[in-house]
């Protein structure tokens, strides 16, 4: 019992320390963004590596999410007879909630974990120390361009993903449920979509911030060789997932208050 | 010869990692324009000692000075300014694997001279040229043998045009010829008046280059003084180290 | 490609082990405990947030389409059971457990420990993978059930404080039918099986020091999350056809 309490207490303190260092990382990243002195080439390289290469996985995920949501809202429609729900329910869910959060999760795996592993390797092979010894601020050189690239890409990818999600929903209606896809579109048109689209993008930007901050933090605090890198990637994706849903809740809540 | 002013000083520096004490009350002066060697058996904290000078490590107690700067109290931004003047070269080459050799050097130039990428690249190539390394400019670091990797990381550090250069075991693990080539570059820097601090237990290098030798043993400075004195000191520990005897305190 | 061969080999080995009922005994029990214990807090907290978000979103949709909230609780519970509970638990499992397994096995692979096992004529798949596979399926079921419950109650709190729907009204089982339960359970089992299968295979494919471990871990989380989503769509569709 005592041991259980002790380990619980240690975990609690560890997480507090982690939250603290995440905040420091976020603050230092923001500070290094002003004045905006980015290395433009580096930024474009990162945008290509991060944004363009994640496109296939994002498109596939979004299509499937659209399909799943249409199939799921069908069960509700059958019980209540509200056919409009196929389009409206699935559309709203994809735009404001599931699109951003699932794309965010996939992006966190594809890009966040990758960034943590990359930075971790640089720490393990003393390349980060070498940067500091060469008087180059690792935050400005390694973290800031990634931050900008991750936030930008995730917002743009969410726009693409939203579209694919809706297309996926329409396709599911047409081929899997034998409902004319126009019914889906009509249901979609009944509701005000713009607000949900915008809140989805706000969420995507916030998730991008979470992913970048968490992955940089875990990557730059790696210790202990190959095992350490594995542990850091694991910790990074777990913390990111938690962060994404907390941010998601906060934004949803604030949105409802307005 | 008049006594040169110290460019850097450590005063009563303590450093432990957990329960393992590495340095206990170490006091040390680094004379300007001279070549000082730090020697000592493996694991006596030579690297730990010199990393204090550029703020990569902070002491548990004691003071670290670089000219009139109190290094152990500077924040990360101020340290960046210091590290432009006083450059530390790691034992392992720590080159950036994803970039070519020229890009590795150009990175430093671009950041510190605030020039466009293309200008930085040509300055970097000029630097490599001066060191006779032009043939390596377009290679990727992992393809190179370790001697050449070390030369490149030296070139990268020199792109900062430092007034003080700290080399961590520059010749360890190299074949005699590669070691000789590194030493030749170090000699050239010495002639240019760069203050040098070299960690090494390569006795040949010490004989070739040292003005001063600092010998670390059992958490403390065992010897500090001229090179001749180091080899002739009447101290059993130094004697064992210099003559590689099997029996003794080490 | 080599990855899928490894996955295939592991799949056939594990099915064979399942047929002979050799599931790994004590090691498997230990793994159930490990997997569950490592993820319970993470899944609990995350699912609480997901429940709250879900109710907000569902309520806003209902407001737009039906303008009334009487079916909010029943729909939430059904949605959680059929869909959000298992898929989120699966994704969180991929995040928490999948990356952990890939990192662990990947580190063993790059430090030649796997080869050392083979030299002692111990089959690494039998020793490392099989217990994890079955353990993770069981743990996934437990985590999905727990997650669904937590999400439902946190959703209930939001309905109560945010939309003034009393818990009595919210707590309604009238939508959930046996089919929903079967769908939820089969999803959780399948996800629980897929995640370690893919993640361990990625771990075995690791090569080249800490960089290799990092790559293997990244690959594991992306592939297993993506497969969870694909399988979810498939199972949902099969359920739709059967109804």
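Here the chain labels run A, B and C in written order, and each chain numbers its own residues starting at 1.
The working rule: a residue touches a chain if its C-beta (ideal position, glycine included) is under 8 Å from a C-beta of that chain, and two chains touch if they have at least 3 such contacts.
What you see is a predicted model; the values in this text were computed from it and never measured.
Q: Consider the contact graph minus subunit B; what connected groups of chains does it contain?
A: Taking subunit B away leaves a single connected set, one piece.
Q: Using each chain's Cα centroid, which is most distant from the centroid of subunit A?
A: B
Q: Can you work out the whole-Å distance between the CA centroids of subunit A and subunit C?
A: Those two chain centres are 19 Å apart.
Q: Between subunit A and subunit B, what is the separation of their C-alpha centroids in Å?
A: 43
Q: At what distance in angstrom does the C-alpha mean of subunit C lie from that of subunit B?
A: Distance between chain centres: 52 Å.
Q: Spell out, as numbers or ranges, the residues of subunit A touching 2 or more other chains.
A: 125, in rising order.
Q: Note which residues of subunit A are touching subunit B in the complex, please.
A: The touching residues are 39, 41, 125-127, 129-130, 132-137, 141.
Q: Within their complex, state which residues of subunit A touch subunit C.
A: 57, 60-61, 64-65, 67-68, 71-72, 74-76, 79-80, 82, 84-85, 88-89, 92-93, 96-97, 102, 105-106, 109-110, 113-114, 116-118, 120-121, 124-125, 176-177, 190-192, 225-231, 233-234, 237-238, 241-242, 245-246, 248-249, 252-253, 256
Q: Which residues of subunit B touch subunit A in the complex?
A: The contact residues of subunit B facing subunit A are 54, 56, 76-77, 79-84, 87-90, 92, 94-96, 107-108, 110-112, 117, 153, 156-157, 160.
Q: Across the complex, what residues on subunit C touch subunit A?
A: 42, 45-46, 49-50, 52-54, 56-57, 60-61, 64-66, 71, 75, 78-79, 82-83, 87, 91-92, 94-96, 99-100, 102-104, 106-107, 110-111, 162, 175, 180, 209-215, 217-218, 221-222, 225-226, 229-230, 232-233, 236-237, 240, 243
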